[in-house]
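Quick one: structure below, then a few questions.
Here the chain labels run A, B, C, D, E and F in written order, and each chain numbers its own residues starting at 1.
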Amino acid sequence: MIFFQTHEIEAWINEDAPMVDLTSHLLGIEQQSAELSIKTRHPTRLTLMEEAARIFEILGARVVHCSHSGQDVDSDTLILQVVGRADALHRGWKVAMNLLEYLCGVATHTAQMSSQVASVSAIPLLVTRKHLPGMKKPMIKAILNGGAHPHRLGLSETVLVFENHLNIIGGRDALAHKIQAMKHAACEKKISIECDTLQQAEQAAAAGTDLIQFDKVPAAKLTAWTAQLKQSHPNLQIIIAGGVTADNVKAYAQSGVDGIVLSSVYHAKPADLGVTIQPLQD
Amino acid sequence: MIFFQTHEIEAWINEDAPMVDLTSHLLGIEQQSAELSIKTRHPTRLTLMEEAARIFEILGARVVHCSHSGQDVDSDTLILQVVGRADALHRGWKVAMNLLEYLCGVATHTAQMSSQVASVSAIPLLVTRKHLPGMKKPMIKAILNGGAHPHRLGLSETVLVFENHLNIIGGRDALAHKIQAMKHAACEKKISIECDTLQQAEQAAAAGTDLIQFDKVPAAKLTAWTAQLKQSHPNLQIIIAGGVTADNVKAYAQSGVDGIVLSSVYHAKPADLGVTIQPLQD
Amino acid sequence: MIFFQTHEIEAWINEDAPMVDLTSHLLGIEQQSAELSIKTRHPTRLTLMEEAARIFEILGARVVHCSHSGQDVDSDTLILQVVGRADALHRGWKVAMNLLEYLCGVATHTAQMSSQVASVSAIPLLVTRKHLPGMKKPMIKAILNGGAHPHRLGLSETVLVFENHLNIIGGRDALAHKIQAMKHAACEKKISIECDTLQQAEQAAAAGTDLIQFDKVPAAKLTAWTAQLKQSHPNLQIIIAGGVTADNVKAYAQSGVDGIVLSSVYHAKPADLGVTIQPLQD
Amino acid sequence: MIFFQTHEIEAWINEDAPMVDLTSHLLGIEQQSAELSIKTRHPTRLTLMEEAARIFEILGARVVHCSHSGQDVDSDTLILQVVGRADALHRGWKVAMNLLEYLCGVATHTAQMSSQVASVSAIPLLVTRKHLPGMKKPMIKAILNGGAHPHRLGLSETVLVFENHLNIIGGRDALAHKIQAMKHAACEKKISIECDTLQQAEQAAAAGTDLIQFDKVPAAKLTAWTAQLKQSHPNLQIIIAGGVTADNVKAYAQSGVDGIVLSSVYHAKPADLGVTIQPLQD
Amino acid sequence: MIFFQTHEIEAWINEDAPMVDLTSHLLGIEQQSAELSIKTRHPTRLTLMEEAARIFEILGARVVHCSHSGQDVDSDTLILQVVGRADALHRGWKVAMNLLEYLCGVATHTAQMSSQVASVSAIPLLVTRKHLPGMKKPMIKAILNGGAHPHRLGLSETVLVFENHLNIIGGRDALAHKIQAMKHAACEKKISIECDTLQQAEQAAAAGTDLIQFDKVPAAKLTAWTAQLKQSHPNLQIIIAGGVTADNVKAYAQSGVDGIVLSSVYHAKPADLGVTIQPLQD
Amino acid sequence: MIFFQTHEIEAWINEDAPMVDLTSHLLGIEQQSAELSIKTRHPTRLTLMEEAARIFEILGARVVHCSHSGQDVDSDTLILQVVGRADALHRGWKVAMNLLEYLCGVATHTAQMSSQVASVSAIPLLVTRKHLPGMKKPMIKAILNGGAHPHRLGLSETVLVFENHLNIIGGRDALAHKIQAMKHAACEKKISIECDTLQQAEQAAAAGTDLIQFDKVPAAKLTAWTAQLKQSHPNLQIIIAGGVTADNVKAYAQSGVDGIVLSSVYHAKPADLGVTIQPLQD
C-alpha cells in the first residue's frame, strides 16, 4: 500500500546498531538459533507489520507468522514471530518494537476516532501533513490502516490558500479575483480556501471556490454556518480543521461538513507490546 | 553539537514538496519578497533551531534572527526570522514548524523533568533509544538541549544484558560466570545488567558487574535496595528505568540511584508556535 | 519553484566524470582561469537555468550572468556565463549543456503548444506523467516554464480510473456503484474516469463523477459530446488526452473541454546551444 | 550487462507513487490477484527488460515471462507477464511502461542505424555522452542492445581534445607540441583530436595523434580526406561525428572512416507498447 | 555481526564497473555459465566472507561454498566458490578479491597480535578509530574476526580526554575539577584521560578518573607506573596506546595494564588470494 | 581534479561521530573559539588537502591556510589551519588527520616511485584498480598527486584480456581470432592482452593486439623480450605489471617497456602528521 524502499528500512536498522551489537558479541550468542515473538498487551489496530517483518528478513531471519496491517487484534495476541540467529533477533528487536509501538498507537487512535465519526456519519476523517519531518510514509500508512484518509500529502498535490498566502497577495478581495483563473488552470483540482468566519466563507463561495476549510470553529456555530452556506452553494465542500478531539468529534461529524481534518492522531499514545526472545533447539 | 548532513535536511524539504508548490505557483507569488517569523506561544526550551534555520538557507532565504538551541524563552518570543522569496518561505514553513513544534516539545518536557531531578539531586536524567526509527539525531539533540543525557545511543556502544539475553545463554547463573570475562574483554566499558529483584542485583554485583539497571521498581523499595547494595558494593552504579513520571521523578531522584532512565520525554506534547509570512517591500 | 537536492545535481556531475577529467589533466590546464559562455542558436523558452548555474557553482566557479527560467530569448543570446578554473568549466560543460538542450527543448515546444491553446481559449495544457523514469523534476520544471500544468504528478495525488482498474473491479457498472463512496472518502479530490465513448461518459456523469477524461476522441466528435454532456451536467469537467498534436491542438482547444492532456512535449526536439570556453587573464 | 543498483530501480517506483496509490486504495483492489501483460505494437528491439521485470519483483509480484534485452520481436508479441496483487501491478505499470517505451525506442532506432552501417561496412556505430543527465545507465544499455558501442562514457576514460581545450592552451600549434608527452603519459589510451579541416587533421597526425574525430564534414569530402590521411598515416584512426542521419549514414559508413559517432539515437521516437491488467482467480 | 546495507555493497560493485564490462562484452561471454573459485595462498584468518559472497549474489550468481569469517584456514584452501553468468563473475572478481585481500590481511595480522597477547595474558587487544575514512565497518569486522575489540568506535560513545581538550579548558588542573561532574553526568560511561607521565596519571586518578590511557610509554616504565598506580587506586583501569609492535607486544601484555591499544593492524600486509574463473557445461 | 560529492565528505564526518561528541559535550567546550593546526613530521607529498579543508568548512569552521595537493613540503610545515568552534574542530580532527595521513602516505610513496622512474626514463607509472573497495576517488587523487597515472579505473573503460577470460572463450588461439573484430568494434580503445611468456606475446602481437601487459616477468628477461617484440611490431605497446618494487623499479624503467603498472603504492606507510588545537581569544 505504501512502498518502503530497501534503504529506508535498512537505515532504521543501521541507526540503532551502526557497528557490532556489543552485548551479543561479548555474550557469544551469535551462532545460536532463537525465536522472537511479539504480542499485544491491549486491543490494537495493527500497522507497519510488513515493514517490521522486513526488518528481520533483511537481517537474515525467517518470518513464521505476521499479522496483517489494518487488522484489529485483542490483547495478548501473537502478531509477529520470526526465527533466526540470536544476534539478528536482538539487532532487530527494538527497531521493530519502536516502529510498531509508535505507529500501532497512531493506527489504534485513528481507528477510534474514525469509528466515532462512522457511528454518526459517512464523512471521512482526514489527517494533515503535520507530522515529524521524515516520518510521512509510516504515518500515512498508519492513518490509512486506522481508516482515515490523508488530508493533503504535501504542497505539490493540492491547492489550499492560507492566511499566510493572503498576506502576500493583498488579502481576500485580491484572492476572490483570482479564483476563477486558478480553477481554470488547475481544472483537475479543487480550489480550497481556509476561512475563519462565515463572511470569509461567503465571499470565497461567491467567487467560486470549491472547498472551504474552516479553522477552529465550534461545532454548534459550524452547524449553522454549514447549513447556510450549503443552501446558497449546494456544490460547495466544507471541512473543519483545528480543535477536533475525542470529546467533540461526534458533534463535528454531525455538523453537516464533508470532512473532519485533524493532526492529533500522529501524537497518539504508543501501543504497548511484549517482545520475547527464546532459544531454539537446532 | 549533532551534525545533520545536507541530504538529511534536504530530504525533509523534499518530502513535503517533492515537486512544485502548487498553491504558490497558481497564486503567482514566486517573485515576491517576504519575511517569515516564528514566535512561541508559551515558555519553551528551544532545540533544532539551527536546523530550522538551515531549511530556509537551503531554500535560498536569509536568516535575520535565530535563537540558540538550549535557550529558554518566554511566551510570545520571536525565535526565528528569515527573509526571501515568498515561495521559498511557504515551502519551508510547515517543515520547519513541524520540526520545531515536535522537538521543542521534547526539549521543554525534558527540561521540566531534568529540573525536577536537579532540585533534589545531582544525578542525571538518561533518555533511552526508544524513539521513532529514523529520528535518533533530532531526538538526541532535543534531550541534550533539555539537559538530559543519552542512556545508550544504540547496540554498538554499551553493554547491557536484558532478560532476552539471559533466555539465550541459560539464565542468571550462566551470566554470573561470564561477567569477569566480559569486563576484561571490554575493559573500557561498564558492564550493565537489568534486574527486577534485589536478589538478582546481589548476584550480579557479587559477580562483579559495574552497573545494575532496575526495571520498574517503586521508589520506596528502590531506596531500600540501593542502600543495601551500595553498602556491600560501594563502587556499584545503580540506575532505574521504567515507570518514571513527572509525579514520581523526585522520589526516584532521592532514592540513592546514580541515574534515572526514561523514554516518555520522546512523546512529549508538541510545543505551540505561531508562524507569520508577510510581504516585504523590495 | 522545483527544489533540486544537492545530491541530485552532484550526481549529474559525477555521472559524467566519476574520477579525473583525463584530457584536462593531460593538457595541464587545471590551474588556468577561464570563462564559459552559453548562447542560444534559435529563439528559446528557457528552463533549468538555475540548476545549470548550480552545476558550475558546485564545481567552484562563479556565475557572472544567468538568464531566468521561464524567459523567452532570441537567437544568439548569452544565457549563462561563468568564470572559474578551466578544468571546472570543462567538467561542467556537457552536463549543463545536455541538461539545458533537452529541457529547453521541452519548455520551448510546450510554450508553442500553450500559445496555440491560449490563442483561442483560456483552458490549460496539462502534461502527463509519461516521462523517462527519474526525470520527473526536470521535466515538470520544463513544462511549468513552458506555461503548461502537470496533469497528475503520480499515483498518490489524484484519483483517475482507467480501463485496467475496471478490469479488476468488474467493469463500469461496478464502478458506478462506487463513485459516491469514493467522492465522500476523498472529498477534497475530484474523481476522474477515463472514457472512450459518450455512453461511458453519460454513465459516469450520472453516477456523479467530477471529471471525464476522454481518450483519443477526434476534435469534432469531442465538441459534440462535450456540448451534450455539459448540458445535462453543467458542473462536469471534461478533458481530452491522446492524439493531440501541433496540428489539431487549436481544434481541441475550441471543443469545449476544460483541459488538454498530452505527453508528447517530453519528447520535443532538443534546443541547440553554443558553448565556448575562453582563457581569462588572471 | 549494466548493473542497476537496488536504489536506482526503487527510486523510479518511488518517484511515481511516493505514498499510497490513491485510486487503487479507494477502489479497494489491494487484496485482489491480477496479471499484467505487456505487448509490442510494432517490431521492436528490446532493452531494459530485466529492469522492468525487477520493478515488479521489488513490488512483490512474480515474473511469469520476460523476453531478453537485445532480442528483436514482432508486433503483438508478449514481452513481459507478471502476476501479483492488483495494487502492486498498478503501481509498477506506468513506471515499467515508460522505461520500456523510451528505451526500446532508443534500442530500436539504434538497431536500424547499426543495420544500415552493417549492410555496407564492418565499422561500429558509436554513441556519445550527449544524453539527459542521470540517464547514462539506461541509455548505454539501450544502445548496446541496439548493436552500437559507447563513444566515450565520460571525461574520466578517454582523451579527446576539443576546440574549447585549444582555446585554453593556445591553439593547435601548442597542442602539437604536447601530443608526444600525452601519448607517453597515457600509453594505454588513444589520443584523439577533434578537427574541422583536413589541414588540422594533417597537423595532428603529423604530431602523432592516434585518432582524428572530424566534426560535421560531408560524406563526400570525408571520403577524400580519409583516403589522403590514411595514405600518409596508415595507423591513424578516423571517426566522424555530427550531422549523421538515417539518410546519410550509409554514405558515411562507406567513407573509409573507422567509426561513426552520433547522439541522435538517444532522442528516438518511443516504442508503442500495450499494457493490460486482468484479474486472476485466486 | 556487522550489518552492511545493500547500497554499501552495491556501491563497491558500481565503483569498479559503473557501466558495461567492456572486455566481457567485446568477448561475447555474457551468456556463458562459469564457476569462480577463491583460494588462499598462505594461512589466513578469514573475514568479510559473507560480504564477498553477497557481492556475487547481488550480481545474480549462486554461492556454492563460503567459509565463515573468523575461521583460520591453511594455505591452498578453497574459501569461496560461486557459479553464474561469466560476465557476472568477472564483474565481481576484483571487487571481492580486493575486499578479501585487504581485510583478511587485517584480520590475520590482528589474530597474530592477539595470540601474542593471549600467550601471556588475558587482557584485550583494542583497536582505535584511526582507519581510512569510510572504512569503519569492514575494518571493525576484520579486527573482531581477528580476536581484538574496538577501542572506541567514534566520538559519540566514549569519554576520552586528550591534550587537545586540555588546551581548550585550561590544563590538567582544570580537568581535575571537572571529573566528578563528568562521572555523575555520564554515570554509565567510564571517564578516560590520556596521560604521558606518572604525575599526570596520579593527578587524574586522585580526581577520580576511571581509566588512564598512557601514550607511548616504554613497557618497563609502564610496568613500574602501573604497579604504583594500582596500589593506590585498585579500581583504576590502565591502558597503553602508541608504539606497540609485534616485537614489544608481549612485554606490554605483561606490564599489568588492562588493555593494549593499537592502530597498526589496519595497515597490515594484504593477504594473497588466487582467483580462478572456469567455464561450466550448461 | 577529482570531484567529491557533498555527501561523500559528510559521510566521513558522520561515520566518526554519528551523534554528539560526548567528551566535548561533557567538558562544555562547545561555545569556545579555537584554532586547529596540522603540521608535517617529515617531507611529504600532499594530497586530499582540499577535502580535508572541506571537512572543517562543512562543520562551520573557517580555513585560514591550506597548502595545495600535489605540493612537496618539508618536515614541520604548517599545511592546514582552521578556526572555529572548539567542538567543530574536535569533530573534524581525526577524520581529517586519518584522511591526510593515509593518502599523503600514498602520494608520497608514489612520488618516490615516480621519481625513480623519471630519473632514467620518460615512461609513466601506472597504478591499478587494486585498492580497498569504496576508496577509488581518494586513492586516484593521491596517485595523480604523486605523479602517477591510473592504469585502468575499472571495467567499463578499457579492454584488458586476462587468463580468466581465456578460460571462458577457449584459450589464446580463440582470442587471436577475435582480436581484429574487437579492434573494429572498439576503434577508440587499445586492445590489451595479459601475457606470461614471449610466445604468448608474439601470438597476440601477430593477431594485432595494441598492447601486451606482461605479468611478473623479471627485468632482464623483459628487456630482451621487449626488444624482440618491438623489432617485429614497432607500434606495439608493452607494459609490465606485478613484482615491481622500490628496488627494481629503475631496472624495469630501463627495460624498454612503455609503462610500469603497480598496486603497492596503495598500501604505502601512512604519513605522520601532528595536530594541535589551541584556544582563541574571542
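The rule is short, and it goes like this: contacts are C-beta pairs under 8 Å (C-beta built on N, C-alpha and C of every residue); 3 or more make two chains touch, one makes a residue touch a chain.
Small disclaimer: the values here were computed from a predicted structure and weren't measured.
J.: If you take the mean of the Cα atoms for each chain, which one ends up farthest from subunit A?
T.: Computed centres place F farthest from subunit A.
J.: Could you label the subunit D-subunit E interface same or different, taking same to mean over half of its residue numbers are used by both chains?
T.: Mostly different residues form this interface, as fewer than half of the numbers used are common to both chains.
J.: Using each chain's Cα centroid, which is most distant from the centroid of subunit D?
T.: B
J.: Which integer distance in Å separates the CA centroid of subunit A from that of subunit C?
T.: Centres of subunit A and subunit C (C-alpha means) sit 31 Å apart.
J.: Averaged over CA atoms, how far is the centre of subunit A from the centre of subunit D? Could you give it in whole Å?
T.: 43
J.: Let me have the rounded angstrom distance from the C-alpha centre of subunit A over to the C-alpha centre of subunit B, please.
T.: Distance between chain centres, rounded to whole Å: 23 Å.
J.: Tell me, which residues of subunit D touch at least two other chains?
T.: In subunit D, 6-7, 11, 17-21, 91, 136, 153, 156-158, 185-186, 189 touch at least two other chains.
J.: Can you list the residues on subunit F that touch subunit E in the complex?
T.: Against subunit E, the touching part of subunit F is residues 11-12, 15-24, 26-27, 29, 32, 34, 86, 90-91, 93-95, 98-99, 102, 129-136, 138, 154-161, 164-165, 167-169, 178, 182, 185-186, 189, 267, 269-270, 275-279.
J.: What residues of subunit C sit close enough to touch subunit B in their complex?
T.: Residues in contact with subunit B: 1-3, 5-7, 136-137, 140-141, 144, 150, 153.
J.: Using the touch rule from the top, collect the residues of subunit C that touch subunit A in their complex.
T.: My answer: residues 122-124, 126, 149, 151-153, 156-158, 184-190, 192, 211, 235, 237, 239, 258-259.
J.: Where on subunit F does subunit B make contact in their complex?
T.: 6-7, 10-11, 13-14, 17-21, 25, 30, 59, 87, 91
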